[in-house]
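Same chain, two partners: chain A is paired with chain B first, then with chain C.
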Partner chain A sequence: MVRNFKAYLCLLAFLICVPVIFSPYYTSLVVKIMIFGIFAMSLDILLGYTGLLSFGHIIGWGIASYAVGILTSQGIVSNFFVLLLIALFAGIAFNAVVAVLALRTSGLYFVLVTLALAEIARCVAVKWHSITGGVDGISGITLPLEIGETGFYYLTFIFFVICLCLICWLVDSRFGRVLMGIRENEPRMQALGYDTWLFKYIAILFAGFMASMAGFLFCLFNRYVGPGDLGFGLSGEALLMVLIGGMGTIIGPFIGSVILVVLKNALSMYTTHWMLILGILFVFCVKFFPEGLVTILKKKISR
Partner chain B sequence: MPNTETNNDYHRDSSEHGNNPIAVSIQGITKKFGNMTAVNDVSFNVHSGELRAVIGPNGAGKTTLFNLICGNLTCNSGKIVLFGKDITNLPLYRRARLGLGRTYQRNSIFFNLSVAENVMLADMSKEISHNTFGRPKIKSESMELLKQFGLDEKADKMTQELAYGEQRKLEIILGLALKSKVLLLDEPAAGLSPEETSEIVRLIKALKGEKTVILIEHDMDVVFGVADRITVLHHGEVLADDSRESIKNNPTVRDAYFGTARR
Partner chain C sequence: MFLVQLLNGITWSAILFLMASGFYMLFGLMRIINMAHGSFYMFAGYITAALTLTVGFWIGLLVGVVSIAIIGVLIYVGLLKSLHKQDLKQLLLTFGLIYVFLDITQWLWHGQVLFPFKPDILDGSARFLGIIYPIYQLIIIAIVIIIGAALWLIQDKTKLGAIIRAGVDDEEMVRGLGINLAPIFLGAFALGAALAGFAGGMGAVFTGAYLGIDTEILTLGLIIVVIGGLGSLQGAMLGSLLIGLADTLGKAYLPDFASFTIFTVMVLVLVFRPSGLLGKQT
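The block that comes next holds the complex of A and B.
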């Protein structure tokens, strides 16, 4: 079983009680934390476990969001589950194509190619005005399900639990071990007989699937989708969450999400320059806590 | 099978493995890096169960040769045949799956994983396509291997915390754990103490017959102690390819390679 199983249960128990304890404002903040938590966890599959730094990861989030936006605003789909399926499928499909292109490279070039591919997607979103709403995006998106704010909280909670379970499974499974082996020493993995390209490809699809879930939820939460959902800014924030929280840990990215969403929320009440402060925080963390909070705590506890 | 000059010499000598099928056939492989030819038209055959040593001064192209055989590098020309199958254009991992194992001159292990996790990766390799989702487990035979090398007590230790000699042993264990039919050992004794070296030699001797081994070594005691046949490389070309005794007494080899003291 996963270590700290009880700790996760406590966290989940707490999360279940949030809508009861807190006001709607703070409850919606926790929804945001969970959604970004899912996104950051999915990024960590690539970064922390497989050793792939992908700025193309936002594509799953963005395509799923746009799928929701386009299909609901044009009135094409009104069934929640059909919408979810299409959004997930679209996200995975785009990742499938992006991965084939990006995996022709490695190292720094992989980072750059994924960044370029995400930028291409963003530019298409901006230009294809008639479908995507261009720079303004699509607003006024409504959830095709009558569940209200609290209902949406628990919907998000269910998705969060599913993703948490997927990550816990990954860490313990053979598949996850292979990914970690690839991160540590890919040539040796090949020498041991592993088709590392295939494993990296599946990892990208798996992470893309989770990112699409997060994008789907966020679009419905925000009632809006725009080019920013394919932009580098969001990629950077997710990366920051993974780094601060702890790469390669189960709960680290979620902790990173908590810290970042709360900080952003608090800071933006006092200054419009909250991005500058986040940037300084980024540099500070990379310099002094490169392993992230959770990893450092784990080491302190095991001493 | 092409009848090159080296093969003519070979047939004149008797060899205990001469009647076994050819495990690895290297046929005229060449590797150039820009204007520099690292390996030039190298050909030799290694029979199943044979222990072949590849020796030569530094820069002779030995590790490059290994890289070409295993698939780390692609040949500019020539053919590599493994148990009758042409593997010249196959990627690294396919050659490993077909039975080609290797250890590296500089430890290429998984430093941020524990010893047991290292070996588990080798264990899982063959079954990964139909057992992708289960819990990883270390095989009992691999635990035996760890015991043989005295690393079983350190199974849960991080590899980076091991001494160099122990890391070297883990490197060799990784090569063995795959149970490859053909093993390429690149200076397995490099950096080991005399006691550790004899351990390695004992192990290599134990492999003879059941596995085909191609060994790069600088320690001539080790080479003459275990090798059936020796291929001498110089400036990327085969200088001589003969039985152990003939190489020992070969004046050209002595001239080119005189004074090999143990590293």
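The block that comes next holds the complex of A and C.
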């Protein structure tokens, strides 16, 4: 069982009460935090647990978002569950193809190839404007389900809980242990008889599944999808969330999401230079706090 | 006219080679993956473009290149040096710098798209083999061939090159032999940055300087080093040629599939030669 189980219950209890306690503005902020929390957690599966830095991770998010955008704007699908299934399937499918290519490489090459693949996906999204809306993207997306703002909050909450449980399961499971073994010493895992390629591949699909969930939610939340959903900007933000919060920790990415979303929200009232601050924060964290908040706190507490 | 497109492709390959060789300089010697390399291109392009209106192309180019070299050195000394040999951290750190450069560039030039003007001497066309082709592009090709040859010669035939190659293979040994690598690393970073700056200043004449060129050209540069092999200068040359031609010819003859030509090249290389065409995984 997970340590700090009670702490997580408190967090979840708090989250359940948010729409009741806070105004709609702050409630929607928490929705954003949860969505990005899911995305950051999914990235952490690859980065923190398997030791794979994949910039291609955003493909799951972007493809799922575009699937929703294209299907709803063209009026092809109006059933919520069908939409969800298609979005998830599309996200996983793209990841399945991309992963085969990317896993031909390892180490630094892997990072670069995933980056290139994500950028190519973005270029295609921009060029294919008959379907994707090009640079402008698709706007005016509406949820094919009459649940209102509060309903959407709880929908996101349910997804968040599911993902949190998945991560908790991962940490304790044999699958998760193998991934962590691959992170620490892949040749040794191979020597022990594990097919590390297969494990890495499944990890990418798993992470892609969660990223697609996040992308699906965000597209409906924002009522918009665009090439930015496949580009550097979001990849970097998610990466920073994982870094700040702590790689390889269960709640770290979520903490990172809290910090970054709140910071971005607060700062954008005073300045337009959010990117500069993000960049500086990034550099600062890599140099001075590469372990992330949760890991540092854990160490302090266990003394 | 196929010959025109071919020359366009070679010109683009030349610019891309400047980027790739700068990259190679930083990685081959210091194992630094500089994600901000595209940002160097963009920033230098903007500086050159902005200055051509006031002080002319050549001074603009010079200022652009020197500024980037200085900025590069500052980044190296201030941030990267202490993370020596920690590849991932250096990668992440330079990744963060992309945002910094993007913001500052937007701040300074408000998202305009700027093009430096060609200097008058180079603003003409040459006639040969039945076509008319801009001199500017031909000069770029010539300059880059010279630079490429110079880099190759330095690497293979000079003592400095030998030190550098030894430093890549076994840094401790080189230091043990009493050779001071610090100024060499510094010089290499400055040169790598300068190459990117030069690419930006000269390339912006036809690509333009705009927000977004940083990631676009970074991606192309990364694809080149992946298919050419990270640790090889010749790989960078071959890769640049392939990608430059694929990109240009793709855009000319298959405009709806432009990104796919590059994608296809990359896929083919990854499937058949995953460690790059001429690469050695250092």
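In this text, the second predicted complex is superposed on the first by the 303 of 303 C-alpha atoms of A that agree within 3 Å, B and C clash if a C-alpha of one lies under 4 Å from a C-alpha of the other, contacts with A are read in each partner's own complex, and residues count from 1 in each chain.
Convention: contacts are C-beta pairs under 8 Å (C-beta built on N, C-alpha and C of every residue); 3 or more make two chains touch, one makes a residue touch a chain.
Predicted, not measured: the structure shown is a model, and the values here were computed from it.
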item	value
In the superposition, chain B vs chain C on chain A residues touched	C
First (chain B), second (chain C), both or neither touched by A:Cys123	second
Contacts of A:Ser54 with chain B and chain C, given as first, second, both or neither	neither
Which superposed partner A:Val113 touches (first chain B, second chain C, both, neither)	second
Which of chain B and chain C A:Met189 touches, first, second, both or neither	first
Which superposed partner A:Thr132 touches (first chain B, second chain C, both, neither)	neither
Contacts of A:Val178 with chain B and chain C, given as first, second, both or neither	first
Which of chain B and chain C A:Met275 touches, first, second, both or neither	second
Residue numbers on chain A that touch chain B, as the complex places them	172-175, 177-178, 180-181, 184-185, 187-196
Touching residues on chain C, where the partner in the complex is chain A	33, 79, 82-83, 87-89, 91-93, 95-104, 106-107, 215-216, 219, 222-223, 225-226, 230, 256, 258-260, 262-263, 266-267, 270-271, 274-276, 281
Parts of chain A lying in touch with chain C, wherever the complex brings them together	53, 101, 104-105, 107-109, 111-113, 115-116, 119-120, 123-124, 127, 231-232, 236, 239-240, 243, 273-276, 278-283, 286-287, 290
Complex contacts: residues of chain B adjacent to chain A	70, 72, 91-93, 96-97, 101-102, 108-113, 117, 120-122, 124-126, 128, 131-136, 174, 178
